[in-house]
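Here chain A shows up in two complexes: once beside chain B, once beside chain C.
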Partner chain A sequence: MAIIRTENLSRVYRENSIEVKALTDVNLQIQRGDFAVLAGPSGSGKTTLLNMLGALDRPTSGRAWLDGHEITSLSKMDRSRLRRDHIGFIFQFYNLIPVLTAYENAEFVLLLQGVSHHDRETKVSELLKKVGLSGLEHRKPHELSGGQQQRVAIARALASSPSVVLADEPTANLDSQTEQGLLDLMEQLNRDLGTTFLFSSHDPEVIDRARRLIVLRDGVVVSDTRRD
Partner chain B sequence: MIARLAARNLRRHFRRTLITTIGIALGTALSLFSIGLGDGGHLQMIENGVRIGQGHLTVQMDSYLESPSTAKFLPDPEPFLAVLENHPGVRSVFPRIRGEGMLATAYAAEGVQFQGIDPSRRGEADLFRDSIAEGDFLSASDGAHIFLGQKLAQRLKVKVGRKTVLTFQDSAGEITSTLLRVSGIFRSGSSAIDGTICLVPIGTLQRALGMGQGVTSLAIYLENPFAQEAVYRQLERSLPGGSAGLYHWQTLQPDLRDYVVLDDVFGYLIYAIILFILAIGVLNTVLMSVMERKREIGILTAIGMGGGAVLRMVLLETALITLIGIAGGLVLGLAVNWYFSVHGLDLTSFSTEGWDLAGTVIDPIMRSKLRPHRVFQLCTAVFLLSVTMGIYPAVKASRTEPVEAMEKP
Partner chain C sequence: MILMKMAWRNLWRNPRRTLITVFSMAFGLTMMIVSYCLMEGMFDQMVRYATLLGSGHIQVHHPDYLEDRSLYDTIQDPGGVLEAIAGTGVGPSSPRSFATALISSGPQSAGGILWGIDPASEVNVTEMHRHLELGSFLSPLTRGEVVLGRNLARTLSVGTGDEVIVLTQAADGSLGNDVYTVSGVLRSVGEAVDRGGVIMNIMDLDELLSLNGRIHEVAVRLDQPGSLDEGTYTVSRALSASGLDVRNWRKLFPELDEYLRLSDTSTWIVLVIIFAVASLGIMNTQLMALFERTREIGIMRALGLGPYSVAVMVFLETLFLTLFAAVAGGVVGSLWSSYLHSHGWDLRSVGGSFAFVGVTFDPYLRATLTVRAVAESIAIMIIVAMVATIYPLFRSTRITPVDAIGRGR
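Showing the complex of A and B:
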């Protein structure tokens, strides 16, 4: 069953009078439980596609659905709610809130959802343990290594039990050992929790781990290979 | 969580927050000091004005207001005194006769404003009683004595114990004179008062004017000058009707009223400038903070924080910084006001006796008087203005588009 579906999704950027086609008629279906990678060189449209699927940006034309919701027709507020309740984000630069501790960063979305204190505590402690950050809960992002920060970001992305985790080059700033550890972790979470992961990456290590590889070039899907 | 985020965001740029907070605190304290001193000064002026004049409230014939004359007198003040003397909020009531005449000695003659007072009444003419330069105050309500200002005495070349002749129109319009001996000389600090006013026992004037027990006015002094309007309304209902009316000092001393109002207007203008500068400081701090955190706000919105929550967070930061500033300003402002209410602001190096203005005397030692509702007004104004200034950065932040805000650093 498709958790993400797109129909002729296109995005055109206009700068001055120049038009740049970032995505052209992308038709895609991501199945629930997928561990998929969007690969392609820089400028191929990976991040643009993730932004569309993550309801962070609007397409110029075409439509997209996530977990049954048509993202492209939602209001700003509804897109915000959709992101909060259905999508987990992992970014290349971790993007943690610097004034919050690791625990608070992971807890934040649950607070926005209005989850009770007890349930938050249980969930966040469990997640931080799962990502290997037990004992570091009260550290602020600047007191953590890059790998540890990205683990916090993974915990934050998973805290709301999202339908899908969208990860934009999540290992681009990590050394290879940390990268392997994180990929192991995400694979494990995908297996254990059944969470759908969609990455964008041009890193061979990440591409190797993917069970589905979607290659983009100049905004067009040029191949879509399943490796189950 | 929004409150925690807001508080930590303020702490993140501690120095900037501190500078803004100190700015708000100093502005608030400065305004409180200015309000306290202004209100204290006005109160002193009004109190001196009503002591020299006809009280906080005055009963007099309605026609007296248009053209003052000793012919327009209350023939029987007793029914009024019966109501006034036991009325709650009334501190004292003084029957008086006011008029204009000519005071002459063997050497000179001067136009004067004479006041017939009852020296046996406690507290009557205490401003003059407290300013005796030579001799004694009037001692009997029907003695042939006069108590006059130093400047007037100098012009008339008269000393204590010497004779003067007061000439005036009696209640029937006839010119009449009475011989009065100088009992004492006062120095109020106001050359206008010291050069024109003289006090005479009321009984002496009643006899000379042929008005029986009549008086031209009943000067009413209140326990609490700020309760004037409430007492006025009560008295208006209780006093006998007829051709006599009850008047505020503001009606009888329009120069003083206008001066106080005008001074208040300038005061408000100064507070507005101070508050505007404060508000600009707050706007600058909050706007900078929002612009610096563009990426962070982008992340917050990306992970599902709604525009409303972002707006509340920024407004809460503004409110917090303002409240801390106001609290600091209150502590400082109240302490400074307390000091100046006890010790006063000593301006004797500019004038030892004070200044006369608008028919009153400004004391050279000005005492602060800060009333709770004025503190509340100022703090509310500072808070509302600052939070209003926070609306623009808050709206700007709430409209953050995550993709734009999170562009690669």
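Showing the complex of A and C:
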């Protein structure tokens, strides 16, 4: 069953009265439980597509559905709610909230959802343990290494039990050893929790791990390979 | 709760900037409270000098008396009037009579105004007896003494113990004249009194003018000067059957009243301008903080934080800044005003006493610290700070996740 579906999704940017086609008629289906990678060179439209699917940006034309919701027709507030309840984000630069501790960062979305204190505590403690950060809960982001920060970001992305985790170049700033560890972790979470992962990356290590590889070039899907 | 926690911690990400902002707001508030209290003090002093060094808060006259101050427009039953006023409980009252006269001493002479007062009750109504430059004030037990205005004493070249001759027109058509001993000379209290004031026992004046117990004025000092309208109404009601004219100092000194009203408004305008300038600091701080955190706010928006929640967070930051400044500025401003209330501000080095609408003021400013002054200053600061944060709030709601994180390609 497709958790993500797009129909002729296109995005055109206008820069100094010049139109730039970032995405052109993308038709795609991501199945529940997929561990998929959007690959392609810089400027191929990976992040743009991820932004559309994450309800962060609106397409110029076409439609997209996430877990049964048509993202493209939602209001600003509804898109906020959809992101909060259905999508987990992992960013290239970790993007943790600097004034919050590791624990509070992981707890953030649960607080927005109004989850009870007890349930939050159980969930966040369990997740931080899973990502190997037990004992570092009270550290602020600047007191953690890049790999540890990205582990907090993974815990944050998974805290709300989202339908899908969208990860934009999540290993781009990590050394290869940390990268391997994180990819192992995400694979394991994908297997254990059944969470759908969709990455954008041109990192061979990430592409190697993909069970489905979608290649973009100049905003067009040029190949879509399942490697189960 | 999370928004409050983040707002609080955000303030301390750049402690120096936060402290500078709080300091500038607190300084503005301190200056505002001190200025407000000094203005209040100055206004109080003006009213006090105008009322307690002459007029009293309320005056009662024959309905025609104030038009031309005729010797013949008298209150026929002063005892009844004083009794009626005493019955209202608004405050002490005292009878007075007036006449113009020629005052002379040796070869010197000058025109003057005779003020007949009852020394026993006058001291409860005005404070002229405390405003002496030389000698002593009139005693209820002694007769034949006068207290002179400062300039009149200089014109006549007399001091305490000297004699002056008073010549005036009496009510029965005769010429009234007598010799009086100068018991004291007043400090400057007002143009008219300084130039020609001859204060004497009302019984002496009654004899001199042949008034036969009639008087020209009853002055009332209110126990609650703030309840001027209420006091005036009470006295008017008590004397309604007599047909006498009852006026309070606002009607007696319309120029002063007008000045105070205008000053009140202009004080507010100046204070709001001071704070509007200070508020630019708040806006600048909040905008800088917002621009620095655009990416971070975008991330929070991406995670599902609504645009209005971002605005609430920015609002809470301003609120914390404002509350800090309110406490600091409120305490310092109150302490400073309190000091200026008890010690005063001596302006003699920059100028002598000055006169306004016929009343002379000492160049010695005392602040009047009131809850109202502090509360209104804090309220203005909070309102201005909230207005100053509208634009940053608006900007914060416009930050989109994709703008903050980057569109990518």
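Simple rule for what comes next: the second predicted complex is superposed on the first by the 228 of 228 C-alpha atoms of A that agree within 3 Å, B and C clash if a C-alpha of one lies under 4 Å from a C-alpha of the other, contacts with A are read in each partner's own complex, and residues count from 1 in each chain.
To be clear about the criterion, a residue touches a chain if its C-beta (ideal position, glycine included) is under 8 Å from a C-beta of that chain, and two chains touch if they have at least 3 such contacts.
Owing to the predicted nature of the structure, the values given are computational and were not obtained by experimental measurement.
Undergrad: After the overlay on chain A, what do you see for chain B versus chain C, clash or fit?
TA: clash
Undergrad: Could you say whether A:I4 touches chain B, chain C, both of them, or neither, answering first, second, both or neither?
TA: Neither partner.
Undergrad: So, does A:S44 touch the first partner chain B, the second partner chain C, both, or neither?
TA: The answer is second: A:S44 touches chain C but not chain B.
Undergrad: Using the superposition on chain A described above, determine whether A:L53 touches chain B (first), chain C (second), both, or neither.
TA: In the superposition, A:L53 contacts neither chain B nor chain C.
Undergrad: Is A:R84 contacted by the first partner chain B, the second partner chain C, both or neither?
TA: In the superposition, A:R84 touches chain B and chain C alike.
Undergrad: Going by the contact rule set out at the top, does A:A36 touch chain B (first), chain C (second), both, or neither?
TA: A:A36 contacts neither chain B nor chain C.
Undergrad: When the two structures are overlaid on chain A, which partner does A:A64 contact: first (chain B), second (chain C), both, or neither?
TA: After superposing on A, A:A64 lies clear of both chain B and chain C.
Undergrad: Considering only the contact definition stated at the top, list the common interface residues of chain A for chain B and chain C.
TA: 51, 54, 56-57, 76-77, 80-81, 83-85, 89, 91, 95, 97-100, 104, 108-109, 111-113, 156
Undergrad: Using the touch definition up top, name the residues of chain A that touch chain B in the complex.
TA: By the definition above, chain A touches chain B via 51, 54, 56-57, 76-77, 80-81, 83-85, 89, 91-93, 95-100, 104, 107-109, 111-113, 156, 160.
Undergrad: Residues of chain C touching chain A in their complex?
TA: That would be residues 1-2, 5-6, 9-10, 13, 295-296, 299-307, 309, 400-402, 405-409 of chain C.
Undergrad: Spell out the part of chain B that touches chain A in their complex, as residue ranges.
TA: Going by the criterion above, the answer is residues 1, 4-5, 8-9, 11-12, 295-296, 299-307, 309, 402-403, 406, 408-409.
Undergrad: For the complex, which residues does chain A have touching chain C?
TA: Residues of chain A touching chain C: 13, 22, 42-48, 50-51, 54, 56-57, 76-77, 80-81, 83-85, 89, 91, 95, 97-100, 104, 108-109, 111-113, 156, 168.
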